[in-house]
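Look for chain A in each of the two complexes below; its partner is chain B in the first and chain C in the second.
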Partner chain A sequence: MKLEVGYIQIRDIQFGETPMVKDGTLYVNAGELEALVLEDEYLAAVSFDIARPGESVRISPVKDVIEPRAKVEGSGDIFPGVISKVDTVGSGKTHVLRGAAVVTVGKIVGFQEGIIDMTGLGAQYTPFSKTVNLVANFTPKDGLSAHEYEAAARKAGLKIAYALGKLGVDMRPDDTKVYEFESLVEGLKKYPDLPRVGYVQMLQSQGLLHDTYVYGVDMKQSITTMLSPTEIMDGAIISGNCVSACDKNTTYHHQNNPVIEDLFSEHGKTLNFTAMIITNENVYLADKIRSSDWTAKLVDQLDLDGVIISQEGFGNPDTDLIMNCKKTEATGTKTVIITNEYAGRDGTSQSLADADPSADALVTGGNSNQVVTLPKLDKVIGTLEYTEKIAGGFAGNTDAQGSITVEIQAITGATNELGFNLLSAR
Partner chain B sequence: MDILVTNNPLVLDRCKSCVHIEYLDAPLIDVLVRVRDLVHLGHALRTHPLSGSIKPNETLYKSVLVSGKHSHIDKQSVHIAGACVLKAQSFPLRVFNERVLYDMQIVDLSLISSALSSCAHER
Partner chain C sequence: MSTFKVVHYINQFYAGVGGEEHADYKPELRDGPVGPGAAFTAAFGDKAKIIKTIVCGDSYFNENPDEAKKTLIDMIRDCGADLFIAGPAFNAGRYGVACGTICAAVSEQLGIPVLTGMFEENPGAEMFKDKLHIIATGSSATGMRTAVPKMAALGLKLAAGESVGASIEEGYLPGGARVNFFEKERGSKRAVDMLLKKLAGAPFVTEYPMPDFDRVAPNPAVLDITKATVALVTSGGIVPKGNPDRIESSSASRYGEYDITGVNDLTAETYETAHGGYDPVYANQDADRVLPVDIMRAFEKEGKIGKLYNKFYTTVGNGTSTKSSKHFAKEFAKKLKDDNVQVVILTST
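Entry: the complex of A and B
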């Protein structure tokens, strides 16, 4: 599969009458977007705000972040099986409004998170302080269940991003990149001497606020399978995962998966990017055993030399991660895992809930228990009503000056397990 | 016969007709310790005790499904259940107000329901 991605640089978002992209500014008509969102019978209202890098703005509680993209050539359309028809995507041409993001906000359950600060210390921990954000804050109709609200908010965010992405269809991109994912035979012929490397992406799939959808299919009902990484760039994987802000993969993370990006950049030079495997992280232990067995089976049948496995979430996914690692290593495939850590505020506790000697090559996204104090910011989009209750918050964590002290797990994307974050060690 | 160990009153209410429940009116850590003890007595884990990405100190409720008692000890269950107790004990306790308790119950119910659904397919 070959996908040409054209990046249209967006430096600002403004409200305006006519939706368009002009001179690097994305103009959005809030009334039109409101009408689009309120087509959903479950939502009573939506308000829009714009948050720009460097502004004294705090956004909370964040549900999802989505990059506006549009299909220009090739089969299918963005967010297949959810917003558009289920046809296969990942080839042809796609345009991206780079630098812009749709951020969805709303109280689905009372203890949910996360925080995006556009300036100050908190901004250093989230990649979404660098994007110009159109923030959509949803109000559900009375009596709506948490499940119905989550589904409605998820879909509304995707619809907004889809509509904005369409504004870039006829634009000339500022930059273009071509991603080509060869068939197994083509890859082997072209790069017979390079190590064959695969990527196993683990997807959160456990229930309310913990789900991921692939072509519209709830991943917990799927067995381990394969796709082309270019399909993911066209929105084949979307996030329904609203918990654990620091280590969840938003839809934006999926669209811009850095493991895929790096494997493509090394493809044909130091390695042959041979396979993209997706697997789930179910609560039920038999599902974990089945899915990790299938991961190892695919890795073995594809005769891979090496594999990278990325995790999503905390706790029981540690068991999926270790099962996957043990079983792929047992096939003779060199395995590197990517995770993050809950090592306690002083960093001295065991980092993961599971471990094995075969997991001897690990990349960490950082310690999510690290404590930071975020200064009071002038404007809040959403509400700070939940800052004591969010993951990483605690009672009395707001001082007289309005500063809030939280573990960095409260910050969206802080210790992301795809490596899409800013923490590093020296 | 499987046993659903829970301290979640909503799970007790919604699931009592379909699975045998051992209800504990106790903190979350006691559920994990009870599960660990059952595993040492020959029950096997059917669901992971750290279900969900919500940390053990960010919810008050936990539901874990274990199998009936076997004549042998399931080593994998012993390993996982023990590690979960240790991991949960490493998180400092937090205090919550009444308003979020129902939300916590809902999420725990959803997590265990997804497992009971898998379980039903297996049978």
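Entry: the complex of A and C
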């Protein structure tokens, strides 16, 4: 599969009558977007706000972050099986409004939504302090259950991003990249001497608001499977989960999976990026055994020399991570895992909930229990009502000056396990 | 800016007293820098000053540890030091153990920031690296030139009470607290680079060496559960409605102990979950789904178990460090044992 990705650089977002991209500014019509969101009978209201890098703005509680993209050529459309009809994506041409993001907020769903600060200490820990964000603040109808509200908010965010992405279809990109993912035989012929490397991406699927969807399929109902990494760039995987903000892979993270990008940049040079495997993180032991067995089986049958395994979430999924690692290493495949740590606020606890000597090559996204004090910012988009209750908060964590003290697990994307950030720990 | 006052500990060899034949040299307090103290003085500039140097023989210290510690602590107590530095000891085993021991004692008893330096294979490093900052040095005194600037830089931070960076940034031996820092490359790139090295059979350094995992062997089966007192313990966050002890939704700093005498059923009006790691709707509708008091009461009535213990222990497992969990369990396990509870059903979510 071959996908050409064209990047249209967005430097600002403004409200305007006519939605368009002009000279690096994305103009959005809030009224039109409101009408689009309120097509959903579960949402009572929505308001829009713009948050720019460096502004004294705090966004919370953040549910998802999405990058506007649109299909220009090739089969299918962005977010297949969810927003667009089911059709294979990942080839042809896709345009990206680079530098812009849709951020969804609103009344809390399940304690695990995050904080994005656009300036100050908090901004250092979230990648979304560097994007210009269109923030959609939802009000659900009364009497909705948490999962109904989550589903409505999730879909509304995707719809907004989809609509914005369309504005870039006819534009000339500022920059273009081509990602070519060969078939097994083609790759082998082209790069006979390079190590054959796979990427195993573990998708959060613990259920009860911890779900990920692939072409619209709830991943906890799937066994371990394969796809082309270019499909993921077209929105084949979307986030539907409220796992702790720091290590939740937002839809934006999936669209811009850094392991995929960094494997592609070595593809044909030092390695042959051969396989993209996705597996789940279910809570039942039988599921964990089955899924990790299938991971190792695929890795073995594909005769891979090496794999990178990335995790999502922590605690319970540490078991899946270690099972996957142990079993792929046992097939003789060199394995590197990417995770993060819960080493306690003082950093002296054991960092993972499971361990094995075969996990001898580990990359960490840092200790999520690290405590930071975030200064009061001038403007809040959303609400700070849940600051004590969100994962990483605690009773009495707002001082008289309005500063809030939290573990960095409350910051969206802070200790991401796709290796999205520079943060690490020793 | 004030100049920090430093007390420096060295052995008889570095003080120029002599080698092994003088290793029984008794503790001696001297004014100003001695031996390697000169290098520290140069590295500190005007920011810190060695006011006193303690010289002690390695054999004397290791053969009379209690007496040596006491004498040294008494000497250091009155110096008014802002920082205590020992060594560096490189790969000298007894010197390393002495440096580690006296640093730990000074930190504990006098509350003064401490620092030492050693080669990673020095036995003192293994003994103290999880308790102290030990700058990693070469194996011999030829490493002095590189060790002193690192020790001086970290020493100044410690004296000033500034936060200390990660081991890889400051140059101390890892083993104690995990510290966050920003790398030069993002994680995915580091993973690809690590994999390429692993594939090539080249040396690579993992960012988190696997711990010796604490696996608990199950106890032998209970012979007669119909006579046993059974307790319920959960990490699923079930608490009386309103979460009276305000147990955190993630990274819990505490656990709750709640009396369930006369409680036959947990209802939406009486109990809820504090756990932030899953959709709480079903647990809040009926907390028995996580903490099965209703079933246990039925079993109690039918004689399937002896009795249900009249308290339950609860915390939130979500994002809570294993160290905290261990600490909670240690406390309440003792209470359960003292109350002759024979069976604990541990429910998680």
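The criterion applied here is as follows: the second predicted complex is superposed on the first by the 419 of 426 C-alpha atoms of A that agree within 3 Å, B and C clash if a C-alpha of one lies under 4 Å from a C-alpha of the other, contacts with A are read in each partner's own complex, and residues count from 1 in each chain.
Please note the rule applied: a residue touches a chain if its C-beta (ideal position, glycine included) is under 8 Å from a C-beta of that chain, and two chains touch if they have at least 3 such contacts.
Just so it is clear, the model here is predicted, and its values are computed rather than measured.
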item: Three-chain arrangement built on chain A, chain B and chain C clash or fit; value: clash
item: Touched partner set for A:342, first chain B, second chain C, both or neither; value: both
item: Which of chain B and chain C A:284 touches, first, second, both or neither; value: first
item: Touching partner for A:420 - first (chain B), second (chain C), both, neither; value: second
item: Contacts of A:317 with chain B and chain C, given as first, second, both or neither; value: first
item: Residue contacts on chain A - larger count, chain B or chain C; value: C
item: Which superposed partner A:248 touches (first chain B, second chain C, both, neither); value: first
item: Chain B versus chain C as contact partner of A:263, first or second or both or neither; value: second
item: Contacts of A:220 with chain B and chain C, given as first, second, both or neither; value: first
item: First (chain B), second (chain C), both or neither touched by A:271; value: second
item: Contacts of A:101 with chain B and chain C, given as first, second, both or neither; value: neither
item: Common ground on chain A, meaning residues reached by chain C in one complex and by chain B in the other; value: 110-111, 146-147, 206-210, 243-244, 314-315, 342, 344-345, 349-350, 353-355, 389, 391, 394-395, 409
item: Of chain A, residues touching chain C in the complex; value: 110-112, 124, 145-147, 195, 197, 206-210, 242-244, 258-259, 261-263, 266, 270-271, 305-308, 310, 314-315, 334-336, 338-339, 341-357, 359-370, 389-395, 407-409, 416-426
item: For the chain C and chain A complex, residues of the former touching the latter; value: 130, 166-169, 174, 176-192, 194-196, 198-199, 204, 206-208, 210-211, 213-214, 246, 248-251, 253, 276-282, 317-324
item: Residues of chain B defined as touching chain A within the complex; value: 45-56, 58-59, 80, 83-84, 86-87, 90-92, 94-97, 99-100, 103-104, 106-107, 110-115, 118-119, 122
item: Residue ranges of chain A touching chain B (in the complex, touch as defined); value: 109-111, 146-147, 204, 206-210, 220, 241, 243-244, 247-248, 282-288, 313-319, 342, 344-345, 349-350, 353-355, 389, 391, 394-395, 409
